[in-house]
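The following pair of complexes shares a single chain, chain A, combined with chain B in the former and chain C in the latter.
Here is the complex of A and B:
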């Protein structure tokens, strides 16, 4: 078979095996390639870092396992910073999920980080430093009610404890008592927070969408409705670099890079072969 | 401060709500079709009207013990009960979906043949997840919690991740086969895609890292070009699309709210 035609028609199973290797092999190599921190990531870092003493952050792990590769890493990076902020300024956070898997995935991350940081003497406690409100349905109506009465709408946390009596909720009654909203969301549902909570109450909001959804969010960044953003896994890698930590995002970033390069190589290879074959055919046609 | 444990949901109230809802649903089913349609339309109109009026009507100071600076209108105090009511309706719609799924898979199971195995898996998964889910909530002992973790984290979460990761393989295959520069537009798209992808990854950023940030050519850093593409041309286009979507969404919402929508929504 003509080599140019072969390059255009590589069997899909070959592509699959190469992708599998490109994604898995880099996990066995532990090295960090420094990245340039993008302005949206830097802005989000600065916004969280300048939160006032003893403030409360509403954290939305609104993702499922399908996008855990990106959103899980983003959640970990942001929760790391929030736990550091608890140590520095007693900043508290509450996790509220509108995806049934989000509450479980975020709880696992939070408990893991709590254990990690408590070994360093951070004294982080669930119920005092942070709380998981669990999963709720119908985000739009729920948020509309939440802004008027936070404990009255949430009622209980994932352990069925009354939210109103938890130490972490001291002084948190309405949306005005929330210092920041952080939404980890692979869909466009973050606009509900913008519409009913961020906008009316002028609460700074940070966003962590998947890379494929990030381009849509630039408008909100431009308008100031979002103070900062983590763009997919790369955003989390940048954030970990700012936190000077080697977390799950940095571990996965090499896989992401090699997979991207593989994809670009395939596209370029296919196109070069197509152009060369066309030129060859044209020449052959001209000779006839 | 001591943490007070909640006794649990009020089972009596839940049962009462369930019975009342079933009675209301039964009455609705007994009502002739032409009147039923009117009732559904009226409920939709009132629900939508409440949300719209509460949002748009002028507000005034309405202090509460928790929030002395609160503002609102005469509809504002009902926002929380209204939200709870909508949650209950939402719960019923989920139930409707379950009934529908059971009907479809039940019929397929009765017929047998191709695809009936999938229906068996559906029923088994649904029953197991429901039973274990309720058990771990009602009796949160280690056995029930572990069983729930096996099903939810070990099963559902893993399957969800697996299904989504398969997309990556299709993307590679499709990009390789379909991304051909057959026109100027396709060439532009390809060049843009490659710049954005390279600017997105650390290895790609290495390509232009040798350009000093103090030089006149520093804006040729691939991550800066990517950033420009995303913040300027991309933002302009997505903003235009967002406006179009917004207007379209408003039109659809108005049609549903005013009962002008036809099809299964009102004519069932």
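Here is the complex of A and C:
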């Protein structure tokens, strides 16, 4: 068969196998490809790093297993920083999910990181340094109630403990006591926080959307409604570089780079083959 | 939970996750019953998880326990209000459902108005940008301090304004776009939106790749690593994946070389 035609008619499953190789082989290479940190990632890092002493952050793991590949890595990177901030400035955080899977996925990450950092003497404790409020429904009405009375709206955490009595909630009564909102969200529901909490109470907000949703979120970044953003998995890779840690995102970054190169080469090869084939056909037509 | 189940919970979860991943990816060869089985399983689990969590995290602490244990009997009215929605199925009494629906529509409309102001107003305000460079202006009794604007920033702001006006002119449908200026800016607006859609499409590819990488990481490092050790496990899983890919490629080759069936009718 003509090589030009072959390049345009490769079975899609052959391409899948090549993509599988491109994704899996880099797992065996243990090195970090340096990445340029984008301004939105740097801005989010700076905003979290400059949080005042003993402040409280509302963290929203609003994703499910379907987008864990991106949002899981983003959550891990952000929770790492929050735990480091607990060690440095006693910054506390509470996790509130409007997706039922989000509360479990974030709890697993938080417990894993707590174990990792406690080995380094960070003394992180659930209930004192952080809390998981669990899953709640009807985000819009819930947030409207939350801004007026945080413990009264949340009532209990995932372990059925009264939120009002937990040491982590000391001094947190209304939205004014929340120093920052961090939303890890694959949908446009992050706008609810902007509309009913960030805007009215002028609370700095950071966003971690999936790469698909990131272009739309630039409006909010430009207007200052969000202070910084992690753009999909790449954002998490950049964040881990800023934290100087080798986490889930960095492990995936080499695979992401190789897979991108492969896809770009597929597109270039396919187009070159198509153009050459066309010009060949045109010449053949002219000769007749 | 039996003692055996409790002791082997983590292993079962890992095996289940690995089998589900491979089962769901079998669709890459072609639509098949194994894929369908795992797809329904995933949907069923996600729905069940949602229902269970709605009860344990929301209804139980916020509605049932206050009503049953703390004497807040009036919580029962929330249930009655919710049940009123079902009158929609009665021809005679559907007006009751319309009352409840009307109430929630009103609440929703009011909140949407408030939400739109909170969402869009700051964006409208930030479109007013300086397009001429100037030095910083200190705070006075009448004016707040104004930051300096450099020439590159001014050019950037000008580009922003041109893009904004061109894209908005594309959506200007009040009269026919015959004027050459309006026609040209609308055309440019369409092209500029194409750039934006291109960025979204590129990001979509990155997002999909991230999901694939996560599943492969889970198969090789989580499953393989914990089952066979973090040195040997990923290597074994890599060869398992390659063997499965080989099977798929063989099936594809066999399908392509199968002689076409002759229709004898």
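The working rule: the second predicted complex is superposed on the first by the 288 of 288 C-alpha atoms of A that agree within 3 Å, B and C clash if a C-alpha of one lies under 4 Å from a C-alpha of the other, contacts with A are read in each partner's own complex, and residues count from 1 in each chain.
We adopt the following convention: contacts are C-beta pairs under 8 Å (C-beta built on N, C-alpha and C of every residue); 3 or more make two chains touch, one makes a residue touch a chain.
The structure presented is a predicted model; accordingly, all values stated were derived computationally and were not measured.
*Asks:* After lining both complexes up on chain A, report clash or fit for chain B versus chain C.
*Replies:* Chain B and chain C clash in the superposed model.
*Asks:* What is the contact status of A:39 with respect to chain B (first) and chain C (second): first, second, both, or neither?
*Replies:* first
*Asks:* Who does A:211 touch here: chain B (first), chain C (second), both, or neither?
*Replies:* both
*Asks:* Give one of first, second, both or neither to describe whether A:2 is in contact with chain B, with chain C, with both, or with none.
*Replies:* After superposing on A, A:2 lies clear of both chain B and chain C.
*Asks:* Where does A:118 make contact in the superposed view: on chain B (first), on chain C (second), on both, or on neither?
*Replies:* Touch status of A:118: no partner.
*Asks:* Does the superposition put A:260 against chain B (first), chain C (second), both, or neither?
*Replies:* So A:260 meets both chain B and chain C here.
*Asks:* Scan A:64 for contacts with chain B and chain C and give back first, second, both or neither.
*Replies:* So A:64 meets both chain B and chain C here.
*Asks:* Based on the superposed arrangement, let me know which partner A:252 touches: chain B (first), chain C (second), both, or neither?
*Replies:* A:252 contacts chain C only, not chain B.
*Asks:* State whether A:194 touches chain B only (first), chain C only (second), both chains, or neither.
*Replies:* second
*Asks:* Quick check on the superposed pair: does A:165 touch chain B, chain C, both, or neither? Answer first, second, both or neither.
*Replies:* First partner only.
*Asks:* Looking at chain C, which part out of 95-103, 149-157 or 167-175 clashes with chain B after superposition?
*Replies:* 95-103
*Asks:* Touching chain B and also chain C: which chain A residues?
*Replies:* Shared contact residues on chain A: 16, 19, 23, 64-69, 101, 136-137, 141, 144, 155-156, 160, 211, 214-216, 219, 222, 231-232, 234, 256, 259-260, 263.
*Asks:* For the complex, which residues does chain B have touching chain A?
*Replies:* Per the stated touch rule, the residues are 1-6, 8, 51, 66-67, 69-70, 72, 76, 79-80, 82-84, 86-87, 90-91, 152-153, 156-158, 160-161, 163-165, 168-169, 171-173, 175-177, 179-181, 190, 194, 197-198, 200-206, 221, 223, 227, 230-231, 234-235, 238-239, 242.
*Asks:* Under the stated contact criterion, what part of chain A meets chain C in this complex?
*Replies:* It comes out as residues 11, 13-14, 16-17, 19-20, 23-25, 27-28, 64-70, 72-73, 100-101, 103, 134-137, 140-141, 144, 155-156, 158, 160, 191-192, 194-196, 199-200, 210-212, 214-216, 219-220, 222-225, 231-234, 248, 251-252, 255-256, 259-260, 263.
*Asks:* Looking at the complex, which residues from chain A come into contact with chain B?
*Replies:* Its residues touching chain B are 10, 12, 15-16, 19, 23, 33-36, 38-39, 64-69, 101, 104-105, 127, 136-138, 141-142, 144-145, 148-149, 152-153, 155-156, 160-162, 165-167, 170, 173-174, 176, 211, 214-216, 218-219, 221-222, 231-232, 234, 237, 253-254, 256-264, 266-271, 274-275.
*Asks:* Enumerate the contact residues on chain C facing chain A in the complex.
*Replies:* Touch residues, chain C against chain A: 28-29, 46, 49-50, 52-54, 57-58, 61-62, 111, 114-116, 118-119, 122-123, 125-126, 196, 199-200, 203-207, 209-217, 220-221, 234-235, 238, 241, 245, 248-249, 252, 256.
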